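Structures for review follow.
Okay, so chain A shows up in both of these, paired with chain B first and chain C after.
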Partner chain A sequence: MIEEIRTKARELLESGTVDCVIGYERATDGINARPLFVYDAAGADRLIFDQTCTHNLVKYLRNRKDKVTGIVVKGCDSRAVNLLISEHQIEREKAYIIGVVCPGIVETGWNKKSDKLRDICQVCRQHTPVVYDFLVGEPPASEPEVEPYPDVAAMEAKTPAEREDFWREQSSRCIRCYACRQVCPGCYCSECFVERLDPLWVGIRIAPKENEMWNSMRAFHLTGRCIGCNQCERVCPMNIPLSLLNRKLEKEVAETFHFQAGMDAETPAPFATFEKDEKIGIGE
Partner chain B sequence: MSQYISKQDLLSWLGKLRESHRLAAPVRVDDLVLFKKVERVEDIALDFDNTTLSPKEFFFPPTETLFYADRKDGQVELVPAEVTEETVIFGIRPCDAKGIATLDLPYMEEPGDALYQQHRDRTTLIGLSCIKACPECFCTSMGSGPDDASNVDIMLTEAGEGYIVQVLTDKGKAIAPQLAEKDVQAPPAPAVTPVPSEGISEKMREAFDDPYWGRLADRCLHCSMCSYVCPTCYCFDIRDYNENGRANRVRSWESCQSPGFTKIAGGHDPRADKGIRLRQRFGHKLLYFPEHFGTMHCIGCGRCVRSCPVNIDIREIIQDVQKLGAQK
Partner chain C sequence: MAVEFEPRIVGFLCNWCSYAGADMAGTSRITYPPNIRIIRVPCSGRVDPLLIVKSFQMGADGVLVAGCHPGDCHYSEGNYYARRRFAMLWPYLEYLGIEKNRFGVEWVSASEGKRFSQVVTSFTNEVKALGPRKAEALA
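Then we have the complex of A and B:
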């Protein structure tokens, strides 16, 4: 697998098809992976791929809009490519996609990894990328049938008061470092609502009320757009289970609109369309 | 012979301190270890590596009101905020104590930050030596060490079933417990992996225009995590609020890594470039701050190394920058 990725990257760089390949290399703890930007064929030898390659590299494509970029994507990451194409943030021709059939990512932390798959990978239905130019690995004949939202169902089973307590406590920890936003392929507003002064949506105070507002608005803005890569939750230094909010909204959108973000670049997203005979309101 | 306190006596002493002071100590919250106001001494974590966030939040809180403005009889009256609580922080690692001493430099330099000074005056620090070194720590390369007692009021070092106690300042004496004399030796300080910090400031100056920073910034997400977990980062943003007719001037943590940090009126941003923005962080740590204050702006706690979502590792950067000149 690694050799195939390296060979392809070398070939793309040598032929001038791309001027950079974004992939993974080993991090300084010797255990985890980190993003790697390869600019010359010799550098391709640093590329790796294994079950620690958690990052969704698609985030970086918007920084390189004018150049053709090679990029390594897993199943979930590939949906971000479609999301960004459908939202006119990147052009398909500007990305050479090295798709990887994903074996699932294990739980990792600084200087440690486990053998256990991330929760989100245990319910994965997209091991094979939905878009690619070159595929590495053997795609499974069919994707597994799994109940995709056991965590959301467990949260739904709680009383509203219990849920409120839970999220109050979680939000009170937030330090508003915005790593969840910065890592998210769907978060690319040139001016985020939290940084707007006029109108002032959320104050700068790193305090429970403002944090709750931030955490919930972030999730709502990704409704029908979140592609489920779970990066927001992975990067949170305060271990707030942010993807639970995203997954609740993803479940609602799936049930109501039969829509999953990023499966292709053509289907209009529910909140980006309006039909004349569409009914709005509750209980219709 | 050493001054000594058993683990049980330590807990009952902390229990007593809790009655007269706001006592903060490392407490486990899910998978995190955070400095929290102690409700029950049994909650205090004694076997932690280091806390997720540094103790800087007790001197430079994430959010703090600087003053209030009231309107009275047609006049505006400014009411400064005041720190009234006496605080004891237990369980500060030597690197973090050095971090507080480093934070003192910008905040207590003339004319001095009144609120910071009050926090400092009303807080007593109880340090805890490191029995083992974390793989990402490099305190010995940044002017401190696992058993450095120079920046706390009382220092504890775990030995046997209790702790060797050094009472170091008047503040420490004021709260010190009853101690026994015991014939115990402090365990040898753990070995810390050094980084080549010698001469790094000069190398940073030479590396100012190097394309290295742009390449390094390729993978940087420009979140504010490194600044917020850092014991010495001290930048803030200020905003005024109106609450029930009373104006509040509030400051909150802010980071040079956040997009728009340097944006000025008219929309220009002198540090819009990712590489220049990232260079600022390490330039400040290793060159500009040392030039101004005579000491590194990094204490080698390794928190940014551990937390960074894309492994921007200051230890690696120091090594790389040392080598940059050699290539030329």
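Then we have the complex of A and C:
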């Protein structure tokens, strides 16, 4: 698998098809993976792929709009490519996508890795990339049938008061570092609502209510756009279960609009379109 | 002496239908509860979900959005987009711990003064029944 990626990257760089290949290399602790930008064929040997390659590299594509870039994507990451194409943030021709059939990513920490798959990978239904120019690995005959939202269902079973307390407790820990936003392939606004001073949507002070406003609206802005790579939760230094918010909206969008973000680049997002006679439980 | 709970309700009314409907209620001398504080917006499509969440965050007991009936939007399709957004916001608010009845979306046309009064009355009663939000205590 690794050899295939390296060979392909070398070939692309030597032929000049791409200017750069974005992939993974071994981090300095010898266990984790970190993003790698390869500009010359000789550097292609540093590329790796295994179950520690957790980053969603698609975020980098937007910064390289004018040059053709090769990129290594997993199943979930590939949906981010479609998302950015459908929102006119990148062009399909400017990306050479090396899709990898993802074995699932394990939980890692500094200097250690476990054998346990990340929660999100345990309920994954997209191991094979939805868009690619070159596929590495053998795609499974069919994607597994799993109950996709067990965590959300558990939250829904609580009473509103319990949920309010839960979210308040979680938000009270938020330090508003905005790592969740910086890592998100869908968060690319040049001016985020959280940085607006007039109107001041989110107050400057780090207080539970303000944090709650930020955490809840960050997720809401990804309604029908979140591709479920779970990077927000991975990078959260306070371990706030942010995916619970995103996945709730993902579930609602799937149930109401039968839509999954990033599965193709053509279907308009649910908020970008409407049907005149639809009955969706509002004002009826 | 126990004072009856009077909820604070923020009402976002579309300029072309619901706000005129509220006006109609007024000129027709139809009464409705004074709990609703009306904010006039150009269209129900203007009502950013941020406005609603912010209202709740700042202590509103209920938020009511009213706009033109589907098909009657002054800007042709603003309320269709609004409908989709609110269809997602509603379950989401409940998920965050804000009871479903605290948020309402209604279609009220300019001639429906009577209906506006009924909508506000029933919405106010629902919010009253839920009681104050305990979020008040939070800094």
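We adopt the following convention: the second predicted complex is superposed on the first by the 275 of 284 C-alpha atoms of A that agree within 3 Å, B and C clash if a C-alpha of one lies under 4 Å from a C-alpha of the other, contacts with A are read in each partner's own complex, and residues count from 1 in each chain.
Basically, a contact is a pair of C-beta atoms (placed from the backbone, for glycine too) under 8 Å apart; a residue touches a chain by one contact, two chains touch by 3 or more.
Note that the coordinates shown come from a computational prediction; the quantities given were computed from them, not determined experimentally.
A.B. asks: Looking at the overlay, what does A:F259 touch: chain B (first), chain C (second), both, or neither?
C.D. replies: In the superposition, A:F259 touches no partner, neither chain B nor chain C.
A.B. asks: With both complexes overlaid on chain A, does A:F134 touch chain B (first), chain C (second), both or neither?
C.D. replies: neither
A.B. asks: Touching A:I204 in the superposition: chain B (first), chain C (second), both, neither?
C.D. replies: first
A.B. asks: Where does A:M217 make contact in the superposed view: on chain B (first), on chain C (second), on both, or on neither?
C.D. replies: After superposition on chain A, A:M217 lies in contact with chain C alone.
A.B. asks: Where does A:F271 make contact in the superposed view: on chain B (first), on chain C (second), on both, or on neither?
C.D. replies: It touches chain C, and chain B stays clear.
A.B. asks: May I ask you to decide whether A:A27 touches chain B, chain C, both, or neither, giving the answer as first, second, both or neither?
C.D. replies: first
A.B. asks: Between chain B (first) and chain C (second), which, if any, makes contact with A:C177: first, second, both or neither?
C.D. replies: Only chain B; A:C177 stays clear of chain C.
A.B. asks: Following superposition on chain A, which residues of chain A contact chain B and also contact chain C?
C.D. replies: Comparing the two interfaces on chain A, one with chain B and one with chain C, the shared residues are 207.
A.B. asks: Under the stated contact criterion, what part of chain B meets chain A in this complex?
C.D. replies: For chain B paired with chain A, touching residues are 29-32, 34, 52-53, 62-63, 135-136, 215, 218-219, 221-225, 227-229, 237, 239, 241, 250, 252-255, 258, 260, 274, 305-307, 309-311, 313, 315-316.
A.B. asks: Which of the residues in chain A end up touching chain C in this complex?
C.D. replies: 155-156, 160-168, 193, 201, 207-210, 212-213, 216-217, 220, 223-224, 245, 248-249, 252-253, 256-257, 270-271, 274-276, 278, 280-283
A.B. asks: Using the touch definition up top, name the residues of chain C that touch chain A in the complex.
C.D. replies: Residues 49-50, 53-54, 57, 70-71, 77, 80-81, 83-92, 94-99, 105-107, 134-135, 138-139.
A.B. asks: Mind listing the chain A positions that touch chain B in their complex?
C.D. replies: For chain A paired with chain B, touching residues are 27-29, 32, 34-37, 55, 59-60, 63, 110-111, 173, 175-179, 181-183, 191, 195, 203-207, 231, 234-235, 237-239.
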